[in-house]
Amino acid sequence: MTKLKTVACIAVASLIGAMAPAFAQGAPQQPSSAQTSPRPSGPVQQRLVPGMAGYTDDVLFGDVWRRPELSPRDRSLVTIAVLIATGKTAQLEGHLGRALGNGVKPMEASGVLTHLALYCGWPSAVSALEVYDRVYTARGVDMASLQAAVPQLSPAASEPGRSQATTRQFGTFAPKFAELTNEVVFDDLWRRSDLSARDRSLVTIAALSAMGDDDLLDPDLKRGVENGLTRAEIAEALTHLAFYAGWAKATKAMTVAEQTLN
Amino acid sequence: MTKLKTVACIAVASLIGAMAPAFAQGAPQQPSSAQTSPRPSGPVQQRLVPGMAGYTDDVLFGDVWRRPELSPRDRSLVTIAVLIATGKTAQLEGHLGRALGNGVKPMEASGVLTHLALYCGWPSAVSALEVYDRVYTARGVDMASLQAAVPQLSPAASEPGRSQATTRQFGTFAPKFAELTNEVVFDDLWRRSDLSARDRSLVTIAALSAMGDDDLLDPDLKRGVENGLTRAEIAEALTHLAFYAGWAKATKAMTVAEQTLN
Amino acid sequence: MTKLKTVACIAVASLIGAMAPAFAQGAPQQPSSAQTSPRPSGPVQQRLVPGMAGYTDDVLFGDVWRRPELSPRDRSLVTIAVLIATGKTAQLEGHLGRALGNGVKPMEASGVLTHLALYCGWPSAVSALEVYDRVYTARGVDMASLQAAVPQLSPAASEPGRSQATTRQFGTFAPKFAELTNEVVFDDLWRRSDLSARDRSLVTIAALSAMGDDDLLDPDLKRGVENGLTRAEIAEALTHLAFYAGWAKATKAMTVAEQTLN
């Protein structure tokens, strides 16, 4: 791995300790005698797929997660959005716990799930619900606070132009779809205050990219910049996403982002 | 949720009772003391993700499922097609039971699975098989009747024009693929009488949309209309699908449908 | 199934014996009294979905898997790549065992997983890891041999032209993504000697096709031919893939392949 030396750096043990559970997947946490300290890849991955373990330790956790170009909180938002959107519930448990540790509030994490129920479909969200229940219960999250009335943001948060375009495109052929898109998704959902408009944009961009719906990204990329995401944050979010949704999906999303935002 | 008042209506208790299992996912059916009647969202969703629970109760079950623009039987066909195509077996159990309750015959439900094995691949169908076994066994479905010889429909049900186009496109580069496409998929599968051509079209449109293969939809949309689906039914099927495959996939499919059929 | 007679042939019993576990999914191996010999579809599929069982026995295993146009080893590589890329871990166990039986070495199978971690994302690879562990343990694979230092192939195996194109496209907007793409994916990964360049191409083409990323296939198809795959092997690999990723994904990939390679 000669070239990798330039992108890899030694991971801090305390950081690794927090990360290990997400990857160990029920494997024993004790390092084998051949190892001197635990690594995020975990002993099974190291034993069976050493190449992948090297990338996990040196590139993903040793380099990418630690880059200051995107906050750990934002990286966690991108990661859980990808895992929910692609139905990877086995990996969600560890990463939802990390998200809460990285500053994502429970109300926001629940807001992500509501948001993605609409963008990715109920089955993906319902499957994630079980994981949320386990993580919230284990961390003693105050469920009552999630029940608090969620005020709607001002109508200015919604976009009349977007609604008109939807009505123009689908209003004749599928009037109910146009109505639901405008009233439920663009208006009611985006105006909910349990997740900021900026975070909704980040989560939407991540989910669309992970699902291969890069042909829908253009308006959400522009809207993301209007909502406060920087171009550098979006580029870094898609770089991070390459590891969780794969290089193929990241390359397609990056191609659109480069054209729309550069 | 001010705007939602216009799209929501109060759900009938008996309807909800039948729907709850599909969403409760092993959660206790007793409503918490704070509730006066069970709702389709279930107590876990209500407690952890109240925003999503509101959409589940008020929009998906309180409004969309009850619209007369598409029969409950057709909604069930769309729903199980999406769940099989996207590998959401956890949600399939409840919805397959509902499909049988909504008038989909066991022979037809099995026909859907055979059809989707070819369109979505064996692994998706094989994973669904276990769920079918549980549901059929629980409902005492007469398995012997499924074994009855399935007569082939008349050759007219297949399309010579389609076969010729396939041979022209793939016959030189991949002759075996052209042969299998024509003889197994277009001829043998589409002529099986365990599922009507109209239902095959509905299920194919739903599966292609859910898998993001909207670039293949055009011929199947036209064929669907020839097979007896109305434009309004297709528009409503894709509106329904938005909740099970997500808004992104529905938007892409609706864009093609609007262009092809409007 | 009149037309199917032309594509079906009687399966050899010993072949079927080896194939059955992948499809039986925990179902009892004893054939029902109505059957005279076990068939790959298994008794549950035969009882519940006889149409699909017919295609499984007569077309998929009775015809496609036995065609000499692609070796069993290559068919196994395509199959496990598709299963990992689409997260079908339930089917992976049987097919990984068959892959090892068909001549894929454990080091190569591990190389496939490392390769697909980058192309399809960590969660897909991490979910497959558990299956690898069970299969390697059950077959007594010598784990120590997997730890052997993997020499890098010569730099000539990487392509300066490809790196320059990446830098030109993404270097300004997302410099870290361009760096990782060039140094980790195109250089380090593709030069690892645990999987040949020819097999990497086969696995990459299968994974991109199965994930619906056919818009990225063109350069990997050309590269595949440079790395030693024949056009006929690629056409047969995509024909085989139709059964594991579905006809829709195969049709899209075949369309690109026909245009790029014919």
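A, B and C are the chain letters, set down in written order, and residue numbers restart from 1 in every chain.
Following the convention adopted for this analysis, a contact is a pair of C-beta atoms (placed from the backbone, for glycine too) under 8 Å apart; a residue touches a chain by one contact, two chains touch by 3 or more.
Because the structure is predicted, anything quoted here is derived from the model rather than measured.
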(request) Once you've mapped the touching chain pairs, tell me: line, ring, star, complete or other? (result) complete
(message) Same residues or different residues where subunit A meets subunit C? The copies count as same if more than half of the interface numbers are shared.
(response) different
(message) So the centre of each chain is just the mean of its C-alpha atoms; given that, what is the distance between subunit A and subunit C in Å?
(response) 28
(message) If I count partner chains per residue in subunit C, which residues reach a count of at least 2?
(response) 87, 212
(message) List the residues on subunit A that touch subunit B in their complex, please.
(response) 87, 110-111, 113-114, 117-127, 129-130, 132-133, 136, 143, 146-147, 150, 152, 169-170, 172-174, 176-177, 179-181, 183-185, 187-189, 192, 194, 207-208, 211-213, 215-216
(request) Show which residues of subunit C lie in contact with subunit B when the two form their complex. (result) 1-4, 6-7, 23, 25, 44-45, 47-52, 55-56, 59-60, 64, 67, 69, 82-83, 86-88, 90-91, 212, 231, 235-236, 238-239, 242-252, 254-255, 257-258, 261-262
